[in-house]
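Right after this note come the structures.
Heads up, the next two complexes both have subunit A, just with different partners, subunit B and then subunit C.
== the complex of A and B ==
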C-alpha cells in the first residue's frame, strides 16, 4: 500500500512540475503583451442546483465584454473570459480556482454563493490576482482581510439602511418586526432591532412566525395592541402573503414592508387587493434601473431569455474593471487594485464605491411598492 | 391614526383568533379521535389528508372560477375536496390498514407512517415543492366591527361551518344505528361480528367521515389563509393529535374541546408572553393537564395496551 502511495505522489509531483513548465511556456510565448487579450477568470456555478444563476452571471459578463470589445477594448486590448464551474460547492470551487490560476488569467470575477466563494479567495490572493465578487454577499468575505478582494453586492445589512430611510420618510415612530426563526430572517430582524433605534425609531415588538403555521392572527392582534405604525416582514414570500392578508384582515392600518426574501412578483398575485401599498426592500431588479430597458433588450437579443436577479451586478463588475484598468493605465494588479478602491462608478445596479474594508459603501437595495397589481419604484 | 386596542378588546380579539385556530385543530382532531376510538390506530397520514384536501380545493376552484365565481364556487370546491379525500382515506384503509388489523399494533402504526410519506412525497413531486396561492376575488377584510374587535365574514362562516359539523357529528354518533355500531366496535370488535354488524364496512365509513372532515378543514384553510404547500399538514397534524389526546382520545366532544383549548392557549400565549414562547406556554399547560388527568379532559379511564 505504502509503495503505491509513494508512486502516486511521485507521478503527481512529476505532473505538477510538467504543468508548471507548460504554464511558463504559455506565459512567455504567444506574441507581445499588447496583442494578447486581457483574460478574466470567471468563477460561477454552471452545474448543480444554482446553475441557472451561474449561467445568468456568465452571460451578463459576456454581454459587457462583447460590448467593450466592439468599442475597441481596453488599453487597445480585447477582453477574454475564461470560465470555471464552482458548482456552488466549496470543494469544486477550489478546483475551479486552481484551473483559473493555471490558465494564467489577469483578473478574476464571479462568486455566487458565499460558502463556495470564500475558500477560493486565499488562493487568488496568493497568486496576486484581483478578485471582484459580484454576488456572494456574506460579510465573512471581507473579514478575511484580503486586500485584493472586493464585494460588489450589498450585504444584507444594507437592506436596513434602505429600510431606515423609508421609515424616516414615512414619519414612522414604532416598528414591529416579524421573522421566521431561521438564520437568515432572524439575522435581518436582529440587525433592524439594533440599527433602527439609532435613528429614533422604536421597536414595538419582535414576533416569530414559524414556517408552515399559517395562523398569525394572534401576532396581528399583539402588534395592533403594541401601537406599531410600521410592520417589517423579514421572511419569505410564501408565508409573507399570508401575513400581509391577515394584518389587513385583522384591522391593522399602518404601513407594511417586506424584505428581499419576499421580493418576488408571486407576492403580488398571492396578496391580491390586500397587497396594495406594501413596500419591498429589494435587490436591484434590472426592470427598475436607469437604462435598464436597453440592457434587457440587448440581453434578450443575445441569449434569447430574460436577465436574472444578479445580471446588472455582473454587467457592472466588468465595466468597473474596465474603468479601473484604464485609470491605472496598466493591468498590473497593485495599480488596478488601487483604482478599484478609489472608484466611483455609476452602474445599472446603482453607485459602486467601496469602504476601506472593500465592502460596498452605497446600498444597492431599492424600494418598490405594490401599486395597481405591479411593483413600482419608490424614490425618496 | 389610533391603532391601539383597550385591554378587554385585546383579550376578546385574541379569543376570536384562538377560536378560529382552534376550529381547524378540532376538525382535524375529530378524524384522529374517531379512527383511534374504533381501531386504536394513530393515523399519521391524517395531516396529509388535510393537505390533499387543500390542494384539491385549490385546483377545483381554479377550474370552476370561470363558471362559478365567489361563494358557490368555493362551496363546490370544498365539497369536491371532501369527496376526493374521503375516497383517498378509504383507499388507505382498505388496502394498507385492513389487511393488518389482526397484526401487531406496531405494524399498523408503521404502515400509517408509510401512507403519510407516500402522500406527502407524491404531492411534493407533483407541485415541485412550490407553494400555490388561492385568490377568490372576495373582499377578505369585510366583516363586523364591534369597538376595536374585528370579525370578518369569512371567519364567521368558518366558525359556523365548524360548529354545525361538530353538532351534526355528535348527533350522528349518538343517535343513529351506524353511530351506535361505531361505538360498539370501539368496545369489542369480535362481539360485534358475532352480533351481525358488518365491522369492515363501519370501519371504512369511519375513515370516510374522518378524512372528509380533515379535507373540510384543509379546504377552509386554503380559502382562509390563501397559500397551499405540500408540508402544510405536518404541524397541524401534530397539534390536532395533541388536541385529541388532551380532550381524551376516542371521545368526539373531547376532540372538539381539546382543539379549541389548544387554539385559545396559543393565542393567549402570544399575547401574554411572545410568539416565540407561545408553544412553550401552550404545551407546558397541556402537560400539566395530562399530569392531572392522564386520560385527557373527557377521556374514560380504561386499561389499555399500546
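== the complex of A and C ==
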C-alpha cells in the first residue's frame, strides 16, 4: 500500500512538473502597440537573505506604477511590472535577466546587490534595454561603460564623503574598518582606506568578517587593541548587530558607524540598548524626506507595513522613467536613454541628475543616529 | 520503487542503450526552436551543472574519493580564462589549453601529498583548498578582488560571435556530449575498471597490483580538468565572474547532484544535475508552493535519500 502511495505521488509530481513546463512556454500576444502596457522588468532578490529588501523594492515600484496608472498612465499607456528573482546571486541573476528579456519588456529597473547585478548588465545591453539600477551602488557598475545603464543610488564614494564629514565633526583620529568580503562591502571599505587619510584620519585596521560568522570575539579584540576611536561597519545588518553588541560588551567606548547595507530598522531591534548612539551613513530614508508623509501613509495602507531603506529610491526610479518617456515621446530605448541622461528630476530622495559616466551627480546620503530606539536625523 | 528499477533496466537494454540518448539529443537540438530565452537559460543552467557533475563523477563516482571543494576546480578554470583574456588579451580558445594545464598542476599539488592517504583526508584538504582559492580570488588585484572580473569578451566560433543564450545552449550541448563520451570511454577502459576496484576495496586493489596512489591521482586530475574546462566556458558565457559564484554551497550542490542522481552512472548524474537546476525554477511561479519551493526541495531530497539511498538512478552492480 505504502509503495503504491509513493508511486502515485511520484506520478503526480511528474505531471505537475510537465504541465508547468508547458504552461511556461506560451508567449503573450494580442493587443495593438498603443493598447499594450509599457512593461518594466524588475530584477530584485525575492528569496534568500536579502529578500526583505527585494520585496520592499518591488512594493515601492508597484506603488509608483499604480499611482501613475490611476492618473492615466504614460503616453496613454499603462505601466506593467514583471518581476524576476535574482536571489542576490550572480548565477540566479543572469537566469532572472534572461527571464525578463524573454518576456519582451520595454525597460528594466532594480538591482540590489552589485555582485548579482553586474553580470546581468551586459545581457540587458545586448538586448538594447535601458537599465536603471536603483540600489546597487558599486562604481564597477558604470566602469563597464555600458551607456544604457544608469545608477540611481549614490555610490560608495558619496557615502565616504558623508562619513568624512561625520568623522571630522566628531574629532576622529583613527578609524577601524570591517567589511564582509563581497563586492559591495569591500568596495566601500577600499574607498574609505583611500579617502579618509586625505583628511588626516588614520586607518587603524581593516577586518574581514565573513557572512554568518557566529563568533566575532577575535575581531572585537583586534579592534580594541588597534586604538581606534571610530569603527565603521561596511557590512550588512544581520551580522552588523552582532558586531555592535560584542564591541559594546567588550568595553569599546568609541564611536560606531554603519554603512547603508545596515541601514535598516531591523538593526535597531537586533542591537537593543547596545545600539544607542550608533551612526548610519544612510540612503534617503523616507521618514526624513520632504513630502515623505504621504508616501509613508500610502505605502502602509497598501502593503500593511512600513517602507524600507530603498523605498524612496525605487519609487523615484519609476517616476524618473515616466518623465523620461514623456519627454522622449516614445518608448524607444535610445530616445529615453538620452532623456534620462539629461534629466533633472526632483524626487523624494532628492535631486536626481547624472554625470556623463551615468552616476548620480548629487549625493543622496544622510546621517542618522540611533536615539531611544529610533533613527534620528543628524545635521552637521 | 521496483517499477523504477525495471524502467531503468529497460533503458539499459541493448535497443534502448543507444536509441534513448539519440532521441534525447535530437529533442535537445530541436528545443531552441520552440522555447523562449528564459527556458533556454534554465536548460543551459541544467547542462552547466551536468558538466560539473560529470567532472566530479570521475572523482567521486568512479574512484570513490570525497571531494568537498569542486567549486575551486571550476573557479580556477574560470579565472585562468578570465585573467588571460582581460589582462593579456588572449583569444578565448587559446585559454582552454592553459586552463587544462593549470587544472592539472593544481590537482597534482593538492592530490600528490593527500592521495597517498585514505580518502577522508582528501575531503578536508579539498574543502580547505576551495576556501583558499575563493579568498585569494577575493583579495588579489589581478582577479578583480571582490567584484571579480567583468566585461569578459564574448568569443567567436567560425565567424559567429556567441552572444545569444541559444548559441551557448548549443555550445554546452556539444560539451555535454563530449563529456559523456569521455566519461563513457573512461568507465569501460582498463583505467576505469581499476578505479572501480579502488572504490570497492582499496586494499584488495593494491594487493592485486593496482598502483592506487597513481590511479587516484589520475582520476583526480581528469576531474579537475573537466571542471576547469567547464569553468572557462562559464566565464565567457556569463561575461563576468566573482568569488561569490564559487562558495561552498556551490561545491555542495554539485556533490549533491552526483549523489542524488546515482554515483558512477552517467545518465543518473545528468538527471541529478538537471533536477537540481530545473526543479526550483519550475516551482517558482506556481502559486502558494512557489514561496516554499526550497522547503519542498529539501523534503524531496530527504525522501529520495530514504527511499533510494544509492541514488535515483544508481550504477547496477555486476555479479
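In the analysis below, the second predicted complex is superposed on the first by the 215 of 380 C-alpha atoms of A that agree within 3 Å, B and C clash if a C-alpha of one lies under 4 Å from a C-alpha of the other, contacts with A are read in each partner's own complex, and residues count from 1 in each chain.
The definition used in the following text is that a residue touches a chain if its C-beta (ideal position, glycine included) is under 8 Å from a C-beta of that chain, and two chains touch if they have at least 3 such contacts.
Just so you know, these numbers come straight off a predicted model, no measurement behind them.
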item: Which superposed partner A:326 touches (first subunit B, second subunit C, both, neither); value: neither
item: First, second, both or neither for A:338, with subunit B first and subunit C second; value: neither
item: Touched partner set for A:186, first subunit B, second subunit C, both or neither; value: second
item: First (subunit B), second (subunit C), both or neither touched by A:376; value: neither
item: Which of subunit B and subunit C A:118 touches, first, second, both or neither; value: second
item: Touching partner for A:229 - first (subunit B), second (subunit C), both, neither; value: first
item: Partner chain(s) touched by A:293 [first = subunit B, second = subunit C, both, neither]; value: neither
item: First (subunit B), second (subunit C), both or neither touched by A:241; value: first
item: Residues of subunit A contacting subunit B in one complex and subunit C in the other; value: 181
item: Residue ranges of subunit B touching subunit A (in the complex, touch as defined); value: 1, 3-5, 10, 13-14, 16-18, 20-21, 24, 131, 133, 135, 137, 139-141, 143, 145, 148, 150, 152, 154, 221, 225-227, 229, 231-232, 234-235, 266-267, 269-271, 274-276, 278
item: Subunit A contact footprint on subunit C (complex, rising order); value: 1-3, 34-42, 45, 135, 138, 145-148, 150-151, 163-165, 238-245, 279, 281-286, 291, 294, 307
item: Footprint of subunit C on subunit A - complex, ascending; value: 3, 6-7, 16-17, 20-21, 24-25, 27, 47, 85, 89-91, 94-95, 98-99, 101-103, 114-116, 118-119, 122, 126, 138, 140, 143-145, 181-183, 185-187, 190
item: Residues of subunit A defined as touching subunit B within the complex; value: 181, 206-210, 212-215, 217-222, 224-229, 238-239, 241-242, 245-246, 248-254, 266, 269-270, 272-274
